[in-house]
């Protein structure tokens, strides 16, 4: 597949250059893969995430007030190396410790864990929370083997807000784990994606088929099935999520409909329409929703549905203002 | 091509239903195709736009404080009918008149013009400004025959901000025309797009080719050419724009890099990187930039570059806060 | 008009809906691929409205079709077809009572042609529906002047002229509307709007029972 | 080790870079399609570093490779290959001076296997590079105990065992890492990481001059 690029091997480097030129409120040292806010996290814990590139707006689009203090950027779909993670930790630590948020991928876990160990050896307080919101592989997969997917946006938002409010490192870790265990995601797609420099997509489907249980790396999902109508797809995703999450009448929920990069927003809102109807029938009230592209897989045509059970604290944190290049909210809409 | 839909003929209706469920700060009456802010434009001119659907976040994503008071939604890529435009005008007029912003497409122009005439017959003050920022067909095309494309975002933002500040209808019309004549756009793509209900894309290219001069309806452009590297593409787009716009050393500019729906954000920032370098070499300073999806064509893989010459007033209006479902900014970033 | 105009308009509505995909394909080459959808949806609405109206008065029916098309979908075809039908309705209402039935038919087509030109500001040769409706109106006027003229022969002449005009759009470079941005690349492609005009006129002519001289419209 | 380890590592680096597309294809079937890119970019960095270092001391070279891989790209292969090389370096440095050269080679491979297991927490049978490196370490230990053992025969035995282990991954269902989410769909596909391990061991064995018993690694 064709792409608009220069040398594909420079894609990430050039993206970072463009991003830093476009957003002067961000910083990086030289050609480093660590991007930070130019406002240091004074008097509070710093929040850091990172992972492979190709997921924009994630992760660097969310650096700023109320979300991340730093992001460590890997190559496309590849965890950043230990050294970069360590550099990020050192850069943003102002003596109050560093909270690392990441998704459950061997590469990320290993690189972040090694860097956290090294930072601790240097006397920096570091905690790590690994997101596992994905039910793509089926609910029989052990929770600690699940991927972190677009439900992570809710972790980022809540932890970022709590850090700004002055929560301790231990509290932030607990919050991240709580949000993670209150959150489930399921994704579907019509194709895989083509990495820069590659000519073939990770997979492709025949007309009229869909892949169920995809993540955001163009990986195949659990099964290839006949494409059915949107309402039927949504009913099935919500049903699988709910069998695991067990929302009850009277519960409050947050919903994310995340486009994977090539999905028209029209389709995302048609999906949201159905999610809203199904939850209303269950007596679950949607208190906050995010419909758009939060965590993409290059130009993959697919989307995921995330549901999260809310409590007063997490709802407040989700509605808290934030100001970053690709997510800004002022006070509570409505 | 497969899509995630129910009945394709209901795609727009269901999208609107989803959008209204997701954004309770918006309103519409019954099954109307007119969406308004729930905060009426008291004591000032109302700003209305509209056109075919399939361009999300445009247009309804920008209803709210500092941008639109109402949007009239047509079917996919089809202008809304006269009756809907008239309904929008009547709904938002609070006695201070209505400013209609639209792109230069026969359908939109005819339907909006007829509605404006009818509204004037009812005693409502209505002005209309038709955007023509596209150089896709070449700069030898008469300016009044050019399409309005993603440069319109800059018109929406400035006119919306000025309306909130209390500008008169005549001033708003003049502002829209001034911004339009200070703005040029050029787009390229790797494919067309497939309308809901259709199985074929409007066009498709061989591997290694690109279409130069596309708009945001999957229309073919001026020519099909070999795909070259991003920097070369950007140089050419900026060059063509600048031959017409004639930016000079010391000028201040706004830049929009608009993805057409299936373009990874990574590619958009690689494009921005080059635009920033080229303008810097010309001694033109970029005072404000918008990189992302503002005006899409379903899932088309393509992007456009928009340059606008700024003055103090238009720069201030672009930086003015706004709060809408898909574009929120607080005070000046940086 | 002695033939059943309601039946004829219903027949046209059905034909337009059946041609949806072909009209979209024509529009994909020159524009944004939605012309068939807009036409089909508008004429589905027309079919509904016609089926539920009591009146059989030609001017009423044409006015109903015009208002329906104008408010159904929009697009470029909405105001153009809408104004065309509304103006032909007005032409029938205001027609000199001394005119013969074929002369009234020709006057209605002439009014449609004028309305499309006024509304869209396109001229003959710009590669739009004007290139179908203007020759149709001229042919209708000529046919109405023949001694053995009927509404059917007038409509048949109009349809054949529209078809020829549509065929001729292949040789034109678009100078207005969406397609104009493609310049020389529009050569060889048939204008979708002209095709629709012809399809409607042919359906009316067929319903009016005029003998078909030769097959006229090709949908590609 | 009597052979030129630097040459051997450079040879391995080149082979890894040449296998980029095949490794990506294997990873596309089971994961996210980037394994070849990550390996190629890491070993391009290895090639650069090796070419500019003065030292020819095996432990230094392995440490250099380990640190380079660890900090080049990241991914899953970064910490795994990085730790493997770093641990084999340490194993050589700490080796009992009374050990023979083939015994040291086997000890280095064993250290690599341990490091990969410690770092990734995968077991034999999980369908990862562990399924190549663990049998390789066992075969290396056996080969080092033979009376006519050389580093070359040890490496050859390790490479052949790794290749067999890699081939065997086709019959396994992934139980850890990215591929584990595909469950039974991973059957029939060869693990990319195991393939890379084998490629590196084969390159080292070939450079060490061991006679090739039979062609071992298939990159698909």
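As written, the chain order gives the labels A, B, C and D, with residue 1 at the start of each chain.
By definition in this document, a residue touches a chain if its C-beta (ideal position, glycine included) is under 8 Å from a C-beta of that chain, and two chains touch if they have at least 3 such contacts.
These numbers were taken from a predicted model, which means no experiment stands behind them.
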item: Any chain that touches chain C and chain B; value: none
item: Chains in simultaneous contact with chain B and chain D; value: A
item: Farthest chain relative to chain B (centres taken as mean CA coordinates); value: D
item: Inter-chain centre distance, chain A versus chain B - centres from mean C-alpha coordinates, in Å; value: 28
item: Between chain D and chain A, distance of the C-alpha-averaged centres to the nearest whole Å; value: 33
item: Centre-of-Cα separation between chain C and chain A, whole angstrom; value: 54
item: Centre-to-centre distance between chain D and chain C (centres being mean Cα positions), rounded to whole Å; value: 74
item: Two or more partner chains touched - positions in chain A; value: 76
item: Chain contact topology (line, ring, star, complete or other); value: line
item: Pairs of chains found to touch, sorted by chain label; value: A-B, A-D, B-C
item: Touch list for chain B against partner chain A, complex; value: 1-7, 11-12, 14-15, 17-19, 21-25, 53-54, 56-57, 61, 76, 188, 190, 196, 199, 205, 207-210, 227, 229-231, 233, 261-274, 276, 289, 291-293, 296, 298-299, 301, 303, 323, 325-326, 328-330, 333-334
item: Partner chain D, residues of chain A touching it in the complex; value: 9, 52, 74-84, 105-107, 110-111, 114, 134, 136-138, 141, 145-147, 192, 195, 197-198, 200-203, 213, 215, 217-223
item: Residues of chain D touching chain A in the complex; value: 21, 24-25, 28-29, 31-34, 37-38, 41, 70-80, 82, 119-120, 176-178, 180-183, 185
